[in-house]
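Here the structure comes first, spelled out in structure tokens, and everything after it is commentary.
In this document, chain identifiers A, B, C, D, E and F correspond to the written order of the chains, with residue numbering beginning at 1 in each.
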Amino acid sequence: MSTAQRMIEVIARNADYAAAIDAGKLTQWVEMFTQDGLYLAQPRENADRGLPLATIRCEGRGMLADRVHAIEKTMVFAPRYVRHLISAPQVFNISATEIHCVSNFLVTQTLTMQPTQIMACGEYRDRWQIAENGAHLLAVRIAVFDSELVPNSLIYPL
Amino acid sequence: MNSPIHWAPRPDASHKIPNAIYSDPETFNREMTRIFYGPHWCYVGLECEIPNAGDFKTTHIGERPVVVVRNHDGKVHVVENRCAHKGVKFCQTPHGNTQFFRCPYHQWNYRLDGTLRGVPFRQGVNGQGGMPPEFKMEEHGLNALTVTVHNGVIFACFDHAVAPFSDYLGGLMKGYFERTFDGRKLKLLGYNRQRISGNWKLMQENIKDPYHASLLHVFFITFGLFRADQKSAIEMDERGRHAVLVSRRNSGGDNAEVTKDAGSFKEGLKLADPRIMDVVHEPWWGEPTVVMQTIFPSVILQQQINSLSTRQIIPVGPDAFDFVWTHFGFEDDSEEMTTRRLRQANLFGPAGYVSGDDGEVIEFSQQGTSAYPDGECTVALDGYGTHNTQHMVTETAIRAMYNYWREVMQ
Amino acid sequence: MNSPIHWAPRPDASHKIPNAIYSDPETFNREMTRIFYGPHWCYVGLECEIPNAGDFKTTHIGERPVVVVRNHDGKVHVVENRCAHKGVKFCQTPHGNTQFFRCPYHQWNYRLDGTLRGVPFRQGVNGQGGMPPEFKMEEHGLNALTVTVHNGVIFACFDHAVAPFSDYLGGLMKGYFERTFDGRKLKLLGYNRQRISGNWKLMQENIKDPYHASLLHVFFITFGLFRADQKSAIEMDERGRHAVLVSRRNSGGDNAEVTKDAGSFKEGLKLADPRIMDVVHEPWWGEPTVVMQTIFPSVILQQQINSLSTRQIIPVGPDAFDFVWTHFGFEDDSEEMTTRRLRQANLFGPAGYVSGDDGEVIEFSQQGTSAYPDGECTVALDGYGTHNTQHMVTETAIRAMYNYWREVMQ
Amino acid sequence: MSTAQRMIEVIARNADYAAAIDAGKLTQWVEMFTQDGLYLAQPRENADRGLPLATIRCEGRGMLADRVHAIEKTMVFAPRYVRHLISAPQVFNISATEIHCVSNFLVTQTLTMQPTQIMACGEYRDRWQIAENGAHLLAVRIAVFDSELVPNSLIYPL
Amino acid sequence: MNSPIHWAPRPDASHKIPNAIYSDPETFNREMTRIFYGPHWCYVGLECEIPNAGDFKTTHIGERPVVVVRNHDGKVHVVENRCAHKGVKFCQTPHGNTQFFRCPYHQWNYRLDGTLRGVPFRQGVNGQGGMPPEFKMEEHGLNALTVTVHNGVIFACFDHAVAPFSDYLGGLMKGYFERTFDGRKLKLLGYNRQRISGNWKLMQENIKDPYHASLLHVFFITFGLFRADQKSAIEMDERGRHAVLVSRRNSGGDNAEVTKDAGSFKEGLKLADPRIMDVVHEPWWGEPTVVMQTIFPSVILQQQINSLSTRQIIPVGPDAFDFVWTHFGFEDDSEEMTTRRLRQANLFGPAGYVSGDDGEVIEFSQQGTSAYPDGECTVALDGYGTHNTQHMVTETAIRAMYNYWREVMQ
Amino acid sequence: MSTAQRMIEVIARNADYAAAIDAGKLTQWVEMFTQDGLYLAQPRENADRGLPLATIRCEGRGMLADRVHAIEKTMVFAPRYVRHLISAPQVFNISATEIHCVSNFLVTQTLTMQPTQIMACGEYRDRWQIAENGAHLLAVRIAVFDSELVPNSLIYPL
């Protein structure tokens, strides 16, 4: 497959990714990762300075599922809508089994009866794994966010 | 000039907090002057953030920007981030390393201790202009704060007459402080920052309030990190400003007496990946598995199982504060321990399984109290006193803080 | 403490509105206290929004959050959305169904009438802590407002000494109120919400002002929904607080006398799809095709041809208000009638062919009056009195409202 | 055509859609719908609760054209720029004649000499009809917006 | 009513600016009343922006919106953008052409000189309603300001007793004014607008401060547009309100004496494309290559090499101002000269190689001074006087402005 | 190449464009233009009224490089992150050697320890040149921005 085709594939998968979170179908979000896929939401200053702390750290589907469980069952927060806008990726490396790429994202948040605000923007640093059946799963997604000063809580994944 | 909210210092009113103290602008202004800029040590950072000569970071005390810097001789200084010439907040980068500070506007430059080093064209150019002869370099430095560094933690104060840090803490609190900060080298793991739409005191209350921990935080309850029946204590300094919440983790699971009241308890909750709670007891803990210490007015020192952080409170007007988390470990941590701390960090910060709840309810408190400024809050749990306790069903430390607050704000 | 704007109650000044009443913060604060939180019935919703026991919705009266809830016995209660413990705005969901209210912070819980139902660990744990013995559950409930439900419309008041709703409306206004709300079951069609950057009184003025309807709204003029020459009336209650604008739709088209003055009239405007104006006369209308009723201070009741809504005014500081539209029909509406109401809704709300204009000019008013706070507005159309009229070339109802306002605000 | 090709087609048409509105060429906006194409701008709370009210309801090109006529000739409002950012769609169903898909949108608004603000964000729930000549027209576009608290007026279509 | 900041008019304090004057709301309010709305000519635009009868543009004086319009007879009027009826900011378009103004709300309409032209239904409809007989059209026009047009530049004033513009400028300043604006026709090139988060006075100070130009702006220093050793002068009107900074460009390159102090000097900087500095001396310049004139309180007139602009200051509360750049050339400019002006515009505006710096340091000043309102700034360069100078190592014009300011604000 | 393929190519190049600026690799930004490529950042009111003034005007790689040099070495400004979201282009004309197209953009700005804000939105009016080796370079990019009231400074290119 050409780089352009890979880019198109990632664009499509990112549409799925956004839809899963924005519609609150968080189990679908988990299923977009490989079994031991890594998801980090990390403030840009930590990423830039080589500090390892992430705001959300999920190492594999177990931790991803625990995050979903917490969001859905245990965490206390004001109801809100989130909305992801994800740009087309810049594709770096492709092989038969992997895509390395970076996309920009913007996530808005709308609290009940309040104006919409910018929740965060930043970039996804991705490694997608391509299965034999053609499925694309995230082996790594590091959501490095510029918006280091989080507007109170970060509930839904970036 | 409008006046701050009046909260009568009658003993019988000590458990009734007037809602307006969370939103009244004049009260806030007085708090800044008397508390944050008065004789109270405010947290500004950790030594491990500025390990080398010339390293600096910027932060705020109250609403005032300051720079924390390590001088060439290794000494830590805290100076106002405000040029002596025309008030420019000269240092705009959050951290870095420099030989001296240079204000961009007219390049007045300062040594790292804040003394004035150079004024361009001070003698004029071609014999014309320049500063008048009576201009004294030593009178135009950056205002330098009093600084104390205690086992790697840096505090500063605008009031040079502040009591020594050890006295400020008191012996009991100092002991807890030195439990974590015993002089070992710290390892910086990273930051989390949030702007919480609530008055800064609500954050202090939150940590001085063991009652909520066993009710609000389902995650805590279920995994036994906090439960109303566990062995625990609230201890304070003599003036009631600082406090620790000390607790020993239960083994988890159900306990009819304390979970029947906690409507939020979710039975049967299991982690799909238990590594997040792979707690390893560190020798220096002693018996407690959790020690949360509030140092009035500006910081919370967290040891919760293997997760360590300082949480700085930076007020932004009466209705909000920035909450800065600095996570750290120790220099001799194994890689496994570092990973453990990073995993457990999922419980804290703006997305924390536990701390996420706190930021949210603080915002809800601000919404309710600011909309009903004539109302009051009731903090009568465990009576009206301000004694230390050996249990968690108490609001004693909140009352103690406000007793001190009323004294200062009078 | 600064003082509110002074508007001399001289009769010769009643048609001169000081601009500052639209932006002065102290005036706004007094308005909240004396008007929205004083002895005036404020709209909070429709019964059809909470049809079943346990159904609730959240809303605001003035700037105060409240919850409107139907109790197990079917009775409607309105309680402050503010926990009696520490002020938390406990109910964060806009609507739902519940058995009781539980505050997330410490899980104090309340029955649907606001009485306190439970306080966790009230008796302490293992004999330690808990609330003091003199703590009385009945003294720590949610503050409950006085409520009236009139033919499906819910009003509430913080002041329990408020006059009964029928007296508050007065007989004339009550008649108009019951023209739409005669006890029939309503069918909820949906909401529109806007934040309009203007003082809340500008919205009341707008609806009490028939003059603008025939000039601003090109859509109205052209299709004859409002035209200066049509049969119409302005009627008020005795104190001048509430008003109706009653009108009968013309057949449309040109009429030299009244369109020459209306420079905005666009001749020859035709709808490409006339279904939006497929008006069907409903038997209960009687002669009028439009009845717009202002209930001071918080709501407008709209019947404009087949479109029905309540429009709630929620002040957000002196410079803005939230405007909440609740569209409804009747339970026995045919599907065609529902579709008709939904199509005609294109005229209303934030994108309304007609109401879009109102939101915009209100913002323009705020811009002009707040930039020139020392200026005044002139409302001398039809003289200086506050009489009912049988025509639309009048500002009588605006003057009447402000006569009452000055009395209250004195 | 493959799903990817359908997605690309919709991306291109959404670029046209955005350009038509943002440049004020509203007649082109009308022409992107089928003769009886349905356009709704609906607050998310109504959509989520099954309440039928929409803020804008246009049933077919006639009503769409009336909306344009009102914007251009009869409605009174402060001048403003709007700007649409539309994400790639998540494509659900495709047939030879139809595409069902959902895209996220963000619309900004800039009032004269004022800072740019977020006007609304949300999702387009679309049914595109594919004509024999390959043209893609909107049979249904429901713009469900998170930004229920509209910043005063909603003048231009989402 | 709170009071403005007090700045003692002691001569020995004239070089100490209290920080609070940059952020105190009451000081700001008094500035608006006494300065922007008082007897001071405020810039509103250029004639070339409204060349034809009926052309108008909107702008602000202080925080008040106004319309600048050319009447059918060619005369320029400035009227409040606020309807005499109910305060609507009737003109919402930034520029256009019209026969008359029509307020959208009730279509009161006004001639271009502001007089009331029509009131719909003034006589009522069918003999009912309308304005009372004593309503006089001539008493309900738009408030019109005093206007002066001086060689193509338009100024207006709310106070009709203001001194004539020539006297307001004074002879010396008028000479500089007429150096650029000698009656030639101007050609409009376009606008830049920025909102700078700083007090409006900081912008005036910035241009009255030649000291910074040779230190802050690396671009300037390196290319010799400003350097502390170049031939230059600061001149003022007699009251110290207005000033010019006059300077002659050096040939560039290093000069040990003046660049050693300027730590920001970057040796060896070369343009990859020198066209941006392809300066052509225009005959009307005379010797100076740069003349920057501040007209108190609202505008800066820029001639910097071939780049010409007016820079209007529109305060937006104490903490911000809008800065509107109108770039222009002359009607007889060659195409090459127009291109040159457009290229040199890279130095100015919000992205300017030079002016970008100014916007940023002004924001830094606001940050520092507002966080430390009890502090002061020191402006003692070149002593304490307010004399004209023949060099750039001075803050004389800043002191002069504040001497006048203190007189007015007393 | 088809219009769709051209669109995809521009989408990919715009991902490069965004990444170059957002990561501070401004030299890569310069290299996306032809030797005498024109870059303007122009307020929409100037563009709409036919006024020639631009806020940034770079005529060719020399001026582009000078702009980069100024940003990196001489201009004084508070540190900030910027983030570009660029929509898919509306492609007008294509030939073997050129693409004329317009894309919408949104640029956010995050000042140190401050909330993220909208810096600017607007549209890119582009002419891309296609070299023989298939490389796409910008012969013209006019960034017309709606956000005429710039939040203080415009440092990084739109």
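Just so it is clear, a residue touches a chain if its C-beta (ideal position, glycine included) is under 8 Å from a C-beta of that chain, and two chains touch if they have at least 3 such contacts.
Since we're looking at a predicted model, the values are computed, not measured.
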Given subunit A and subunit D, the chains that contact each of them: C, F
Taking each chain's C-alpha mean as its centre, the one farthest from subunit C: F
Remotest chain, subunit B as reference, centres from CA atoms: D
Euclidean distance of C-alpha centroids - subunit C vs subunit F, Å: 48
Intercentroid distance (Cα basis), subunit D paired with subunit C, Å: 31
Computed distance of Cα centres, subunit F from subunit B, in Å: 43
Multi-partner residues of subunit E (at least 2 other chains): 2, 92, 94, 104, 193, 195, 216, 322, 357, 360-361, 364
Where subunit D touches two or more other chains at once, by residue number: 8, 76, 78, 85, 88, 106, 113, 115, 118, 148-149, 151
Chains that touch, pairwise: A-B, A-C, A-D, A-F, B-C, B-E, B-F, C-D, C-E, D-E, D-F, E-F
Subunit A residues within the subunit F interface of the complex: 3-4, 7-8, 44, 85, 87-91, 102-104, 106, 118, 120-123, 146-149, 151
Contact footprint of subunit C on subunit A as seen in their complex: 76, 78-79, 112-113, 115
Complex contact set, residues of subunit C against subunit B: 1-2, 63-65, 80-90, 92, 102, 104-107, 109, 118, 120-121, 124-126, 128-132, 135, 140
Interfacial residue positions of subunit B with respect to subunit F in the complex: 92-94, 104, 193, 195, 322
Subunit C residues touching subunit E - in the complex, by the definition given at the top: 2, 17, 19, 22, 205, 211-212, 214-216, 228-229, 257-258, 261-264, 357, 360-361, 364-365, 367-369, 371-372, 375, 377-384, 389-394
